[in-house]
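Presented below are the structures under discussion, each in the form of C-alpha cells.
Consider the two complexes below, in which chain A is the common component and chain B and chain C are the respective partners.
For the complex of A and B:
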C-alpha cells in the first residue's frame, strides 16, 4: 500500500536519510582508521632497532663489575617495562591499559606517561589555542583587506606577509630570544614562569605566567599571520573575480553586502585549515616550546622520539591521531551541512 | 568590520580566560610563593625531566638528589664516607673517624650526634638494615656490592662490622660501598616494606613521598618545572663532630630545562649559580664581564677525571691487527680535538701522555712514567703511523689510496650517539686521521639506544664510550672495565658488560685480579705500570680526550666563595653536592 506523505515530510525524510547515510559511512571509516592508527602508534616505535632502556640501564649499572649482576638488572628493567613479552602480548596489555588511561612509563625517566602528558598538555593548549585562533583571525582579516583594498596597501603588505610566512619558526624564535631576552632584557629568556616562583594562586604567579607566555605566543602568531593572510588574499582575489560578484555589481548590490559574500566563500578552505591546525595542535608548538623552554607536550614528544621512548611516543602520537580525526570529522560534518553537493552525492 | 572587532574581543577574552584557567589549574598551595634569591642556590644539568620518586631503593628515581655512585650526592641522604678526587681519600660523614681493618673484617664507628630528619637517632642498626634491604630486594648496587660482602652486622648502637667475602675478596669494592650506599632509616623504611607487603617490585616502585633522610636538606617542592629542597635547620651535622654549622643556602633549587642551551642561557642570565653542563668557550663569559668562573682559571678549566675512549672491536678483520689499531691511535690529531671539539677543556696528549690513568695526581702516582714512555703517542704522527703499517705489510696494493688487509680494503665505521656534538666532532677527527694514513674510516651517529646495544653486542668497528671516572675503587674499576676479559669469556660472548673491545690477555686478567688485594704501594705501582704497558702495546682502545666527570661552572652574581683550585681548601669541584664536594655549601657567602 502506498503511503502518502506530505511534500514537507518527504523532503525532511530524504534529507535526513542522506545525512544518516553520509555520517554512518564516515563514522565507520573513522573507527577503522582509528583502530589502524592505534596499531601503528604501538608498532612503529617498537620497530626501531636498539634498546629503549639503554639510558636507564647504563646509569643503573655504572661502576658495576659483575656481568651476571648487570644481566640481572637488564632483565629486571625489561620485565618492569613489559619488554620481555612478545609484541602481540605487549599490544594486548597496551590496549587494556588504554581503557584505564594508562600509557605506561617513560623509558627515559620512568615517569608515568599519563602524568607527563597531563602535566604538559594544558601548557601546550594554553599556548597553541589562542595563538592559532589569533594568528588565523588576524591573518584572514589582513588577507581579505589586502585583496579588497588593493593598491599601495596590498603592494606593501603582501611582500611583508610573504616574508613572515617564510621565516622559519625556529629562526624567528631565536631572533626574538636574542633581541628581547638577551640584548634588550625586556622579556624572559625561557621557562613557563619566573625561576624563583612556586606555582600558587597569586597575582604574582599569574602575572609571571602571562609575562613568560608572550615570546612563545608571538613567535607562533607572527608566523601564522603571514601564512593565513596569503591564503586568504588569494582566495579573496579569486572570489572577487567570480561571476556572481560581477552579477551582483550589475544588480547594484552594495559593496558591503558583496564583501560579505566574498568573505564567506573565501573562508571555506580557511576553515578547513583552521580545523586541521586545531586538530594537530596537541602535538605542541615544537619549536617555540623547545627554544623558550616552555613546559609543553611538543618538547616532551621531541625528547621522546630522540630517546626512543616507546610509551611516550605512542601516547603522543595517539593524542595527535585523535585530534586530527576529530578535526577531520568536524570538518566533514560542517561540510555535510554547508555544502549541498555532499548530501546530493548520497541520494 | 564591527563584527570582526567583536570577534577579536571575544577571542582575546577567551585567551585571557584560558590563561587564568591554566594558572589556576597548575596552582598548588605552598607555604611560600617565591624562593628568596639570596637564600637559594640554583643548579642546572643535574635533573632532566621531573623527579619520579624519592626512594633510594628505586631503580627508576630520576631524582638528582638520589644519586648513589662513586661520589654520592650527600644532600638528603648520606653515606658513611665521602670520596675526594683531589687526594683520592675518604672523609668520614656518618662514620666516626677512619675504619679499622682486621683481616677481612672492616669495623666502622657511627657518629653519636647523627640523627634522622624526624629526630630519631641514626645508629649502626640503620647501616645493617640498609645493606640488608639492598640485598633482600636485589637493587643494582646491592647485587654488585654483596658479591664482595659476606655480612654486615651492628655490633652495638654505634659500631658496625662488614665482613668481606672470602670467595670474592676485593677490598676496593668494600670501600666503594662506603661511599655509594645512602644509609636509610630502618624505622621509616619498614613502613614502606609493610605497605608493599615485602614485594620487591612494589617496594622499588614506591614513591616514598614522606622520605626521611639524615642529610642537611629535605624534600620541599617537586613539580614538572622544578625540584626544590629546604634546609633542615635541625640537621645533626651542625654538631662540632661534623661541620659545626649549617650549610649557607636555605634552599637548593633545580629548575628543569629543556636542553643544554636553555640551561646555558639561564646560567648567563644569573638564574643558575652552579652549572653542571657542557658550555663551549667558557672563557668568553668572563671576558664579556660576567661573574663566571671555573675550578681552574686556565685550560683545561675543569678537573678532568674521565677519559672518553675509542674502542676497537678486536674481533673484526683488520682490527685484530695491533699495527692498524696503533697506527690509528698515533695518527689522530688530539690537539685539534682539544681546541675544536672540547673547547680546550682537556689536557693535550703531549702534556699528559695517554694511558689508563686519569690525569689526577693520585692516579698518575700509581705508574712509572719512564717505563710507559716508549709505548705512548702524542698524536698526528702520520709518517710514523704509515711506516708502522708498511712494516706490517698493510699497504695500498690496488692504488685506490686505501690500504688493504688480506686483499680487502680496510673500511671502518666509527660510532657514537647522535647529538653528542663534542663526541661527534672528535670522531670526525678520527675519520680524518684514518684517511691520512690510507684507512677508510667513516662516521656513524645512531641514537643512543642503538649505539649502546651495538656496544654491548659487539656490533661495531670503533665505538666511543667512557668507562668509570673517579672514585675510591678507581683506577682499578676503569682498568677492569677496559681490559678484563673474564678469562677470555667476553671475546665470544653474545653481550658483554664491559671490555667493549672484546680484548683478552691472560696476564692483564691476572693483574686485574691481583690489584684489589695488593696493599704494598711499590707492588701496586709495578702492577699498574705493567698493565698500562700491555694497554699501550696492544691498543684495544685509546683515549680521545680527558674530561670532567661533572662540569662545574659557577656564576657569582649572588653567591661567592665557591671551590677553586687555588683556594687551599682541598674541596673538589663536584658541584657543591657530590662526595666531599658538599663541604663547599658550608663556605658559601652572599655577594656583598
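For the complex of A and C:
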C-alpha cells in the first residue's frame, strides 16, 4: 500500500488519495478474508469428529481381524496424509504446498490433484464468467424497462421473471436438456465437445465446443436474468419516485435525461448486488454444469464427492472460493470508480 | 392490510396449496412414501392385473376396436416407412398411395396386402429389418382372431378357461388388483406422486428449520452489532462481511463432506444450512438497528435505566420485525434450494423413511431419467421446488410493497 501511495501522490496529487485509501483498505480486507477462507477450507474437515480417512481405512482393512494390524494400517494412512502431525504443523505444510500449487494426490487415481483439475478451472471460467455477465446485463436492462414502461408490460413481465428466477439452475438445465437434447435432438446431450475430437486449435474443434457450450450457457443466463431483472425493477421504481426525479420533471428536464440519472443511480446497488450474489450464483451454476457433464469444476467436485476423494474435494472448494473472492474484489474495485461517494467518503 | 396486496395473496394461496396437498394426500392414501411397488420408470396411468381381467365377467361393447388400435399404435414413423415401401416397391400408382396416406387404416391395410418380404429394399440392413418388424407387429396387432385362455394341467394337457373376442370388455373397478400411478414410478419403482408429497413436506421442514436458525443467528448478531457499536460491532461486522463473500454453498459442501453420509440426516442437513445462511439477515438487521438506536424513544428507554435486553426486545425489535419477517420468508426458500443443490451433488440427507425434493432429483439424474423419456421423474419435482420458492418470493414482494409504499403499483 505504501509503495502504491507515494508515486500516486506525486503524480496525481491529493485527488487520488481517496481512491488509494479505498483500494488499500479493500486489498487488506480481501487478504485477511482470503487467509480466513483457506483456514476454513483446512479446518472444517479436521474439526468434525468423523475423520475423512475413515472410509479409506475401512475399505483397506476390510476382512481383517488382527487389531494390531488394523492399527498399523491406520497409522500408515495418517502418516501418508500428514494427519499424524499437530494441527498447526499440518496447516503450515498445507499453506506451503498451496503456494507450490500442490493439492496432494487424488485418492481415486493417485495422480496429482492440481494436474487433474487444471483444465476444469478454465472450462468453468469460460462458461460462468460470460454467462453471469450477460445474464446480469440483460436482466438489468429488462428490469429497468419494466420499471419505466410499467403498465401491462410490467404486470406481465414481473411475475414471469420472478417465476424464472425461482427455477433452480439445475432444474432449468435438466428441462432444457430434455426438450432440446432429447426430444428435439437439436443440441448435444452432454460433454464439452464431441467425444470423437481431441482438443486442438482447429475450426472443427472450436465449432464443436461452441455447439456444446450453448445449453449450459443459456441455462445459467436465463436464471441470472430473472433474478437481476427483479432487483433492478424495484431499484428503478424506488429511484423513479425519488424527489430529484420529481424536481427534474418540475424543471422541465427531458425524460430521456432523467432516465439516464435514474439508471445510473439504480445501477449502483446492482453492482454491489452482483458482488454479494456471486457466491450463490456460482454455487447454482456449478450444479447446472454437472447436468450437462460439462468438463468443469462442478463435475469434478461431484465425481470427487461420489468417490470420497478428499484432496480433490478440498482443491475444488478452495479454487471456487478463490475465484469468487477475486471476482468480488474486481467488482469492489469497479464500484470504487463508478460511485463518486466512495471517494468522497475517504477524503 | 396484507391481504390487499394481490401479490401477497397469490403467493399465499400457492404456498397454502403446496403445503396442504402433501398433508391431505397421506390421509387418503396410506402407502408408505418409499414403498417399491412398480419397476424402473413406469409411465403414469392405471395398471390392471391381467389375470384379473381374464377372470372378470366380460361385457360385449360394439366399438371399432381396430381403428382405435391403429390410431394409438401406428406412429408417424411407421407411416413414413409404409409410404416409402408403397411408392418405391409396389405396383401401386403414386396418386393412389398419396390418397390412401391420408387415412391410417387405409394405408395400413393397403401396405399389409401389398408387402412382400422377398423384395429387396435399398439401404442399410437395419433399415431393411425395420420393414419386416413393422409387418410382423402390425399383423399380430390387427389379427381380429379370438384368443383362448387355457390353463396347463400337471399332465401337460390344456383346459380352455375362456374365449376372448376383440369386443370383450371388463370394468376397471371390478378388478380387485389395480393401481394408479398418477405420476408414474421412479427408478426404484416407487410411486412418484406419493413420494413427491412426502418430499415436499420434508423439504418444507428443512427450509423452515434452516430459515429459523439462520434468522435467529442473524437477528441476534445484527441487533447486537448494530446496537452495541464499537468493538463488538467491528468484530461481528467483520465476520458477517467475510461470510457473505466466502460462498456459503462451498462451506455447506465442506461441512457435509466432513460429517459423512452416516451423519447426514434431515435434521443435521437443515442445521448446517441454517448455520451457513445467516450473514444476509445479520447485515440487514444491523443496518436497520443502526438507524434506530439514536431515536428518541430508545434514548428515553436508556435514561429510564432499562436493561440492554429490554431495550433491544421492546424498543428496537418491533421496528425491525417487518424486515425480519421478509428475510425469514426468503431464508426458507433459499434453504429449500440449498438442500436441493446439495443433494444433487450427492450430499443430501440419507434416510430410508422419507425423501426430499433434492434426493428425488438426484436419483432421477443418476438413473438417466431424461434419456429414458421419464419426464414424470423430474418435471414434477422441479415444478414443486419452483412453485414453493416462487410463492414465498411472491409473498415477500407483496410484503415489501405493503411496508414500502414507494414500491406500490
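General observations
Everything that follows uses one rule, which is that the second predicted complex is superposed on the first by the 224 of 347 C-alpha atoms of A that agree within 3 Å, B and C clash if a C-alpha of one lies under 4 Å from a C-alpha of the other, contacts with A are read in each partner's own complex, and residues count from 1 in each chain.
Methods note: a residue touches a chain if its C-beta (ideal position, glycine included) is under 8 Å from a C-beta of that chain, and two chains touch if they have at least 3 such contacts.
Treat the numbers as computed from the prediction; the structure is a model and nothing was measured.
By the touch criterion defined above, A:191 reaches chain B but does not reach chain C. Contacts of A:141 after superposition on the shared chain: chain B is touched, whereas chain C is not. In the superposition on chain A, contact is made by A:182 with both chain B and chain C. In the superposed model, A:228 lies in contact with neither chain B nor chain C. After overlaying the two complexes on the shared chain, residue contacts for A:320 are found with chain C alone; chain B is out of touch. In the superposition on chain A, no contact is made by A:236 with either chain B or chain C. Looking at the shared chain after the overlay, A:306 reaches both chain B and chain C. In the superposed model, A:290 makes contact with both chain B and chain C. In the superposed pair of complexes, A:62 makes contact with chain B only, with no contact to chain C.
Between chain B and chain C, B contacts the larger number of chain A residues. Taken together, the two structures place residues 48, 50, 52, 54-55, 177, 181-182, 189, 290, 306 of chain A in contact with chain B in one case and with chain C in the other. Looking at the complex, you find that chain A touches chain B at residues 48-58, 60-67, 69-73, 76-77, 80, 105-106, 108-111, 116, 119-120, 122-123, 125-126, 129-130, 133-134, 137-138, 141, 177, 181-182, 189-193, 195-202, 204-206, 209-210, 213, 289-290, 293-295, 299, 303, 306-308.
Against chain A, the residues of chain C that register as touching in their complex are 241-242, 244-251, 253-255, 257-260, 262-263, 333-334, 337, 340-341, 344-347, 361, 365, 370-371, 373, 375, 378-379, 382, 385-386, 389-390, 393-394, 397, 400, 406-407, 409. Interface of chain B with chain A (complex): residues 4, 7-8, 11-12, 14-15, 18-30, 32-37, 40, 42, 48-50, 52, 58-62, 69-70, 138, 140-141, 143-144, 147, 173, 176, 180, 201, 221, 223-226, 228, 253, 255-259, 262, 265-266, 268-269, 271, 418-419, 446-453, 456, 468, 471, 473, 477, 480-481, 484, 486, 490, 493, 495-498. Chain contact summary for the complex, chain A toward chain C: residues 29, 32-33, 36-37, 40-41, 44-45, 47-48, 50, 52, 54-55, 150, 155, 159, 162-163, 165-168, 170-171, 174-175, 177-178, 181-182, 189, 230, 234, 237-238, 241, 275-276, 278-280, 282-284, 286-287, 290-291, 301-302, 305-306, 310, 313-314, 317, 320-321, 324-325, 328.
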